[in-house]
Structures are given as C-alpha cells and as structure tokens.
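By letter and in written order, the chains are A, B, C and D; residue numbering begins at 1 in each of them.
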Amino acid sequence: MPFSYTRTIRFQDTDAAGVVYFANVLPMCHEAYEESLVASGINIRSFFSTNSGVAIPIIHASVDFLRPMFCGDKIIIYLFPKSLTSNKFEIEYQIFDTKQQQLAKAMTRHACIDPTSRSRKELPTDIIDWLQDWNDLDATK
Amino acid sequence: MPFSYTRTIRFQDTDAAGVVYFANVLPMCHEAYEESLVASGINIRSFFSTNSGVAIPIIHASVDFLRPMFCGDKIIIYLFPKSLTSNKFEIEYQIFDTKQQQLAKAMTRHACIDPTSRSRKELPTDIIDWLQDWNDLDATK
Amino acid sequence: MPFSYTRTIRFQDTDAAGVVYFANVLPMCHEAYEESLVASGINIRSFFSTNSGVAIPIIHASVDFLRPMFCGDKIIIYLFPKSLTSNKFEIEYQIFDTKQQQLAKAMTRHACIDPTSRSRKELPTDIIDWLQDWNDLDATK
Amino acid sequence: MPFSYTRTIRFQDTDAAGVVYFANVLPMCHEAYEESLVASGINIRSFFSTNSGVAIPIIHASVDFLRPMFCGDKIIIYLFPKSLTSNKFEIEYQIFDTKQQQLAKAMTRHACIDPTSRSRKELPTDIIDWLQDWNDLDATK
C-alpha cells in the first residue's frame, strides 16, 4: 500500500488568482515525503540538518497541474518512492481531492552526497529501509 | 475551552540558521484561525475570497519568540479570540511544544470592511457566532 | 537577446540544510516572468487578477538543480519563452551565478483558459506581442 | 539618512483576497535588513549560518497594515535600527508606495546569543558598526 498524506489547502497557499500558487504544490509533496520518513522511524530534524554526514538534495522536480485547488480543500497525496541507483531514488506523487478526482501529479529525484565535498555517496541504510517500506512495485510483497 | 490546533514543523518552515524562520510563525497561527472557522461551520473558501461582500483583513500582528522550533517538532496552538468593537476583533495565540513548554505567543487584530470601498462595516453574524464559540472569557459559559 | 533578471538569494529562501529550499527556485523564475511582462508594457496586477476575462495558469513545471545557492548569492535568470499552439506557450529559464556557472534550469508551460468555464481560449494579443519581444529563436529578427 | 530598499510586490506575495498576505510583509522588511548588512560590508551567508559562533535571532516582531498592496506595486522600505542594550537592538521599518503614501510599518527586536548554549552574548563589532552606519537618531552626525 502506498503511503498517503492528507492536508488542507491554506489561505497562504493561494494567490491573487484565487487558487493555489503553482510552486506551492511541491512543498506539499515534500511534507508527504517528511511524514513518510517519520513513519519509517527516521528523525527528520537530524536527517535534514547540515551535521548528519550525508545529504540527499533534490536534483530534479516536476509537477503537472490538472485541476485548481482552493482554500479549505482537503487533498490526499499518495507517495511512490523508487530506487534508481545505489545513490539515487525518485518519488512520484499523485494528488487527489476527497471525490477521487486527480488534482496534480509530481516527481522529485534525490541524490545522496557528502555535504562537504558534494561528491556522490551510497544511500544510508535507513533510506534503503524506507524505500522498501513504501515501495509498492515489488510483487512479492 | 479554547480552540487548539496541532501542527508539525516542516523543512520548508526552517531557514539556514537551522530553526523556524521568524515570519513563518504567523502563518501557523493563521492556520489555527482557519481551522477554528471551519470548526464553527464557516466555508473558508468563500470567506477569504474577494466576492463575499465583506472582507476582514488583519490590521495588526505581533509575535514573541521564546524558544526555537525545529523540523519535525509537534506544536500546539491555542487560540483566544476577543471582540473589540462592532467591526473589530483580535486573536491571541499561545504556542506550546508537546512537553508544555511555551515556544511563542502571537496576536492578530482584524477589522471588517467593505472590500470595494474599504470603509468599516459591522462584523457578519457568522463571525459573531464564531467569537462566542471560542471565547473563554465569559464566566457565565 | 533573451530577457534577464537579477536577484539576490534571501535568508527566507534557505532551509535548515543551509541552501535554497528546492521549491523556492520556481517562484524566482516566476519573478523573471513577471518582470518580462512589465518590460513588455503589461499591467501585471490586472493580468494576474481573477477579473480579467482570461487566465493563463501554469499546467506543468520542471526544474533541475545543478549547484546549491546560498543566502546573499546574486543570481541571473535568462528567460526564453516559446509559443506552442494558439492557446499554449512555454518558458525555459537558465539560472547562473555571477561567475557564469550554471546553478539551475527550469521550465513552465502555460495554457490560456476562460477563468469561469476553465475551457481553452486563444492567447490574448498582449501575450502574443510579449512572446515576440523575448523570442530569440526567430533567426530573421 | 536612513537605509532604504525598493522592492516589487510579486504574485506569490498575494493571496486569494487579491492583496499581499499579511505575514509576507515581515520577510520584505527582513530583505531590507539583509541589504543594509551587505551595504555595511557584512557577509550575510556566514552571518546567518549556524557556524558563526554568534546568532542574533529575532525575539519580537510586530506589523501594522495601513493600505493593501497589489501584485506589481513598487514599495520603498526605510529602515531605522536602534541599539537597546549591549546584547539587543531593534529595527523600525516604514513602508511607502511611490506616491509617498504609507502602506505599513513594522518592528523587529533582535537579541545576540551563543548558538549552542543560547545564552545572551555581547553584540559583535560588525553589528555595532552597522548600528552606527544607519542610526539616524544621533544628532551629532
């Protein structure tokens, strides 16, 4: 089962066109990612800090907007992480309203690096575990 | 009993000093305000839109920062609305962590206007009801 | 010559990893778009409002992150708009530092709609003119 | 002469009420503060980082909203820093449009601490110099 995250659209997410500002959808996806890490037992304060010896910055992101979102709307984000190489993974996000209408979809690609040298590094064990926790693609599970 | 709203500190709420960026605390208070309106049956999409015939912009805000907040922290915001005049109210916010330590407090003052002329206007009935729903100061309740 | 826009990275653009939060790069690109509209004589307050009879929401966005950006950095965004159909265009953004190192690139795709029915609509004349103002691809110019 | 900073209101600064979202005014004031630090020769990347041995977080902020601000508006922020004690200062911000109409005013209070122990610490020399650079209140200058 994919990880899912429910969220309410806030007034500050909107812009003067009356709907969610386009670039505000990606942080909502990142919130779902943060919650999925917490659900796998990862301490996100140290995970996202500069002192952890490893950093996994986003190297690519994309988002498709299918329907407008309004203040007060409830949205559900389904998260599908996928391992790419020993130092890269990507996450697909499917965003729906409470009537099962798709509102948006997005993708982020993450690469593991040494935060000082910024050279590539193997993904840490807890992230490999997290990838297995929420990876729906393995038919044997 | 005051209205309370629980929220998780997100990575995007933080800045390069490693803690929540000061100006991001006020939107968290506004989220609590939005949730309290929903809890009183108010449709916040139309309430905050430009077409509703009435607008209640914030005319003053202040915030005191007592302790730093970090990514992943759970916070609880208690909301204390108070009527001021027939066209003004204010809200006090008390922000705590899960160990009952106070992290911040804030205040917003709101004035009811006609959105076109921007002249003052009586508070609408649903807001007067909302003020009564969450006003703890009346000893008779 | 492409339109270019210079901007300073702000403290609020950063996150607890010490660099610009990934989703904050797209609003910087949108700022460049807004400035290019102003440079073509378009009133952006009415252009982006709900009352203008036409809306041109972003239907797709993507961004590649090549190097981290830090508080205080100066960045230059080059903007390359391109017409797609009679109701769609896209913009490519190339982001550099002051030493001509590329930091990021991005793309937004825009579709013209009627804001009420949300059905497709021809691009307005001022946007066709703007596309010609900043379109570098036509060799005859 | 006070430090002044000119800025354009961006689409992302607005909300579904068609004007600048209230909490977005404080970051604009902080941008003016950042620019004034740069103008006094301070490296703001290291100044705002976690590794600098000193941190000067904001402990209080307030803002008054006098007139609405719209996408595309040019605003001018005048900055008036004032020393309070050996480890505290505050900044007053006056925000005007290009017709000299006041739009908002704001205040931030800053306290110097050791970032690890979070106990109070004397203001560093470069900040004392900055306070003198932009302090208009000393009649002898």
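Convention: a residue touches a chain if its C-beta (ideal position, glycine included) is under 8 Å from a C-beta of that chain, and two chains touch if they have at least 3 such contacts.
To keep track of the chains, here are their UniProt names: A, B, C, D = 1,4-dihydroxy-2-naphthoyl-CoA hydrolase.
Bear in mind the structure is a predicted one, so any value in this text is a computation, not a measurement.
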Of all other chains, the one whose Cα centre sits farthest from chain B: C
Message: So using the touch definition from the top, which pair is joined by more C-beta contacts, A-B or B-D?
response: B-D
- prompt: At what distance in angstrom does the C-alpha mean of chain D lie from that of chain B?
  reply: 24
Field: Whole-Å gap between the CA centroids of chain B and chain C
entry: 33
- prompt: At what distance in angstrom does the C-alpha mean of chain B lie from that of chain A?
  reply: 28
Field: Multi-chain contact residues (two or more partners), chain A
entry: 11-12, 14-16, 18-19, 21, 23, 27, 30, 48-50, 70-71
- request: Mind listing the chain B positions that touch chain C in their complex?
  value: 11-12, 14-16, 18-19, 21, 23, 50, 70-71
Field: Residues of chain B touching chain D in the complex
entry: 15-19, 21-24, 26-27, 30, 48-50, 55, 57-65, 68, 108, 115, 118
- line: chain A partner, complex, touching residues on chain B are 8, 10-12, 14, 18, 27, 30-31, 34-35, 38, 43-45, 48-50, 70-73
